[in-house]
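Take a look at the structures listed below.
Here come two complexes built around chain A, the first alongside chain B, the second alongside chain C.
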Partner chain A sequence: MAKEGTKPLSQAIPQARAEIHRPSLSLTWQRVLPYAFIFPAFIFYTIFLAIPIVGTVVISFFEWTGISFNTIKWVGFDNYVALTRDDVFWQAIKHNVYFIAGGMTSIVVVGLFLAVLLEQNLPGSSFFRGIFFVPTVMSLVVVGLIFTLILSPELGLVNPLLRQLGLGHLAKAWLGDPQTALPTVIAVDVWRNFGLGMFLFIAGLKGIDAEIFEAAKIDGATPWQSFWRITMPLLWPVTVLVIILTSINTLKLFDLIYVMTAGGPNHASQVLTTWMYSQGFTYNKMGYGSAVAVVLLVLTFVFTLVQLRVFSRDTTGGAQ
Partner chain B sequence: MKQVLPFFITITLASWTLAQDVIELSFWTEWSADPTRTIGETLIAKFNEEHPNIRVTHRPIENEQFFTVLRTGFTSGEPPDVFQHEANNNLLQFVVPGEVEDISDWYAANGDRFQPGTDAAISYDGKQYGVPTGIATGTQIYYNAALLEENGIDPKALQTWDDYLAAFEKLKAAGVTPIAYANKFGWPGSQWFYAFLTRWVGAEKVNQLVARNCGYAWTDPDIVEAAQLYVDLADKGYFSSGMSSDDYPQATAIFFAGRAAFFHTGSWFIGETAADMPEGFALGMNRFPDIEGGKGNTDTFMAVLGGYAISKKGAEDPAKREAALTFIDWMTQVPQAQEFVKGAGSMSTVEGAVTPEVADPLVLQIIEEQINGNTGAVGFLEHVTPKAVGEDAIWMGSVGVLTGQLTAQTWMESVEEAAAAEAPTLVLEPACE
Partner chain C sequence: MSNQSLGMRLTTRIVSYLIMLVVFFIVAYPLFWMFMTSLKEQWEIFDNPFALPSSLNFANYVNAWTAGDFNLFFLNSVIITVPSVIATVFVSALAGYAFARFKFKGSRVLYIFFLIGIMVPPQAVIIPAFIIVSRLGLMNNYLALIFTYLSWCPIGIFILTTFFRSLPLEIEDAAKVDGASPLDIFWRIALPLAKPALATVAIFYFVFVWNDFLYPLLYLQNDTMSTIPMGLMLFNGRYRVDWGMQNAALSIAVLVPLVFYMIFQDKFVKGLTAGAVKG
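For the complex of A and B:
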């Protein structure tokens, strides 16, 4: 006989089954719900990224003017073979490497230096934090146009200023000289982007426990030793982030170069993105331009992968 | 309520029916800056007013990006219904893949309103794919008359290239920049080169060269000599210092600011002066001179033809085609064509549009000195050669020789290499016998 308040077994079992089943419905929802959240982004990603990438890869195997599919012609790997003989393509790759090396290094060094300086709470630190960040939010096209005018040998400000300072021998066509065109564009890109690096470093610095520095100081560490043995290792994850962000941004940079030099003079500042654009949209060689785009995509992917592998060591940098 | 509802339904249906009757036409042009922008938009507004069943929507696009945007429109399947073109290859790139409407029927009935001979550059395979509306020449040199006078130079006494070289030297010695020049994108440099080619080897050889006829090559000694004439200007320091980095608007600014005495560019510059030239600026113009020893002469000129065309999409149904033709027909009538002659210094191809009453004296001067009685013409090379030749090898090379990256010889070698790799897109001259 069942005790008072208890149910007979014949009733208890179905009820228990029902209770067991109830969570299984919730489990289904738990499984479905993430996909529901991801779905809009997935659709967006598919339409605006995956399909164009696949389309670009496919078109790279065709000869096509890009005007009408009536004229499209399968050429297999011909576009890729032609790339190997294209001097400007190799020149563009070389310039991309210069851009990454020069731009990334400068942004990391300048950003880190200013971040450490501004974190010393010197007078005006807040003001300069804001000022240094302003270029980052400016349109690249606007930045390019402003600097093109500033650097113009005839109408600009830089050369007259140099002459006023008695440095007239340095005055030149900054964007019209093959020796200075690329470094000048790199410098403008650094000016525009160091603020972002600086802010990321500041965020990283704020995350370091001040007690570590105090302990080091008590132990007799100099500021220089603290910087190299505490700050830098603990900032390593931020440094990796800045390096990866900067190099990807640099590889895909187009607008600034196009506005300032259009890849010139005579390809002296041509990079893969501008060469891809010229081939596809100016010379009506959409297949060839797509092949350049595919190479750029592969390079970006490999570059990022290598960086992640190289930098994926102990995030504390071994600082104990 | 019962009385109001049918009223609203009737109004809505009537509006919908009316809206259905209005044919929408998109029209893309290079009229992105004044004076052409204002003239164009005023005319379009007038057309829309006079034709309530047609609504033309204008999209002005900046000159240097125009054909890229236009091509992207065709690629995406959303081209304009009616668009501007610059004839020859510039139009044929859309004609050959079958994207432009054949309007031979309309042209047969109305083509006599245009100057004779202007239809060749817009026809293909015996069919007419557009209308010519204007011609722009590139064989003239503008000058700042006041600046020349200050330096003791009589512009009308400049008859030969040697006269110009002497004038450049005199200006340079006086500390005045002889020529305002900005070749960032390469096309202004190519215009100098074409002018030298036309004068040094003659129009006939240039046209045969473009068609890859007669065994001519870009590396022929006389072609390289023509290139050298251009390179010499840079080597002697006659160009403004931003020659390889400034762009066309900067060159016009330098010229209008009185910081250089000469400016070589197309006849479109006459229209630009209306909007940009400072008051009191003493603008003068000479045709590009003869060069001693050259086979060409001042009776030949280089030019580009502009006009309108209808895309296949713009003719997808008979009513739309009719509307597009109505628009083109209206735009190419004398009163409308004269608006561009008056306000923008255009050299209209519409018969009777360019008259002394409405045309700028410089336009009349070009017509008298260069077009009437000419013995030959050369198209702008980027429009009669494959893009890899005209827009890459020639344009980029014209910058490269300024910076010392190339010499006249290596520049022409790169042009020849590009030309040899591409089939000629236009055959303008009969093959050599």
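For the complex of A and C:
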């Protein structure tokens, strides 16, 4: 299949044209064509993503610095056994759970709330809606660096503001304090990503037939009642979607933490991705790093399967 | 309508606007502050972080652009992003069209094979990917990144397969009767019809590739090859105390996605939500 795909397209067109006159030739061509169409995607995807997926699992059973194949050593499940005894690994898992609990919950609540607010279609709401999405198109590195400056212990914005408000005792090195480092990064992540949740909810709301609300109003339902009895049940599939998506996104998160805290201070904001990176590329423990990556792969895989399930059942997502 | 409900509606309105204004402030003020600080001289920043700059002073931008090598980072980002996005969209369209329109052996298996790629966070496979790239001799080569971004094509394939399936068959059938080859039909009929979907996919990839940090961090170890996100990290290290210049660099970095977003706002929202839902 691979060889057939390399046939130059310049040949392909005249050949395909000849099809009408020479049906026998066109038959082989027609058989080959689909594979030729898929071939470029196939080759890049296979080499740079599919093989690495398998490779991650394979390497996790070895001890290796990644430099020369001569030094690679089979260790079976040793890396996984070591993981269970690795305090930082468990801390990282715990932080990922915090991230999902804090970040995801905030994005769902804020996103849903703003979506309902904006869908009243008050004058100016499309302006606000547009602005609220701006952080989502920015790079996480830019966002991380802006907030590193804003949260700087001495200058910045947050601490001077607290001092001016007479709350100087609350001023601190937000990213340098193990107590506040993780919550601060989570808050910045919410700042960056609530817009996406908001727009998914807006799409969901647009999918609800306005007549239902009219009917409820005539029947004497208060806005509060119609929100809980009509909007929420109908939005439930979208809500599940946002919950899962945000959970996956927080599991994948690397840039923001690398930029703002590098997992510190003293592992206080270490998550699976940053721990994998430092094991693999700082300590050159490719096998151990891959074992961390396998845990990450399994977790995202589970979330994504649930997502695909939900999405295939649901048509109110409206995001296509 | 009774007076009471009118009052209720008015209060709801006022509260709604208040909340929207608060969120607006939380979103916009950090960006506004960044821009204001980028126009200040060093002493002004230390003097009062809230004050507006005393004059419109673009010296920090000039310094960041030339002395800070930001022109180089910008060029590198363009060199990597433009071919990556065009190639990924094209390759996804080809495969998506094949899955939507051709019947062939193994199409289901192949489709599922690509679907797996959607479920995998690229971050989780960096170790073997790094080894493959270095074995292929692609370290410090822009191609390493372009190929990597091409490997993220499953999301595009998924979106475009769905789109091509939704196109009515009649036009393509008519062309077939007229003797057009499958390639002609793809190139002259299906692809032009797919323009909106292609744009959605292109914007999704543009945002991801332009903003990507992890892969340039791994594959481009030569500072002069840095893309904007990496360049910003270098900048942060080199000019740690020069806040004016750092903020100028950050403002430049924000500018490109922001301008594109302002022009193609709806497309951005569509692209990013579709990409998120399917990826």
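In the analysis below, the second predicted complex is superposed on the first by the 257 of 320 C-alpha atoms of A that agree within 3 Å, B and C clash if a C-alpha of one lies under 4 Å from a C-alpha of the other, contacts with A are read in each partner's own complex, and residues count from 1 in each chain.
In the analysis below, a contact is a pair of C-beta atoms (placed from the backbone, for glycine too) under 8 Å apart; a residue touches a chain by one contact, two chains touch by 3 or more.
This one's a predicted model, so the numbers in the text were calculated from it and none came from an experiment.
When both complexes are overlaid on chain A, the residue A:P135 reaches chain C alone and has no touch with chain B. Of the two partners chain B and chain C, more residues of chain A are touched by C.
Look at A:L155: by the touch rule set out above, it reaches both chain B and chain C. When both complexes are overlaid on chain A, the residue A:A115 reaches neither chain B nor chain C.
Legend: residue contacts after superposition of the two complexes on their common chain; A:G264 is shown touching chain B, with no touch to chain C. Judged by the touch definition given at the top, the superposed model places A:I146 against chain C, while chain B stays out of reach.
Look at A:L182: by the touch rule set out above, it reaches neither chain B nor chain C. Look at A:F281: by the touch rule set out above, it reaches both chain B and chain C. By the touch criterion defined above, A:P34 reaches chain C but does not reach chain B. In the superposition on chain A, contact of A:F301 is made with chain C only, not with chain B.
Touching of chain A by both chain B and chain C, each in its own complex, is seen for residues 66, 148, 155, 281, 286.
Of all residues in chain C, only 12-13, 16-17, 19-20, 23-24, 26-28, 30-31, 33-34, 37, 45-46, 49-50, 91-92, 94-95, 97-99, 102-104, 107, 110, 113-114, 116-133, 147-148, 150-154, 157, 159, 162, 179, 181-184, 186, 207, 210-211, 213-214, 218, 228-230, 232-233, 236, 243, 246-247, 250, 253-254, 257-258, 260-261, 265, 268-270, 272-274, 276-277 touch chain A in the complex they form.
If you check the complex, the residues on chain B that touch chain A are 68, 71-72, 74-75, 93-94, 96-99, 184-186, 240-246, 250, 253-254, 259, 387-388, 391-392, 396-397, 399-400, 402-406. By the touch rule above, chain A contacts chain B in their complex via residues 65-68, 70-71, 148, 151-155, 173-178, 181, 261-262, 264-268, 278, 281-286. Residue ranges of chain A in contact with chain C, taken from their complex: 9, 12-13, 16-17, 19-20, 30-31, 33-35, 37-38, 40-42, 44-45, 47-56, 58-59, 66, 114, 117-118, 120, 122, 124-125, 128, 130-142, 145-150, 155-157, 160-161, 191, 196, 199-200, 203, 223, 241, 245, 248-249, 251-252, 254-255, 258-259, 273, 276-277, 280-281, 286, 289-290, 293-294, 296-297, 300-301, 304-305, 308, 311, 317, 319-320.
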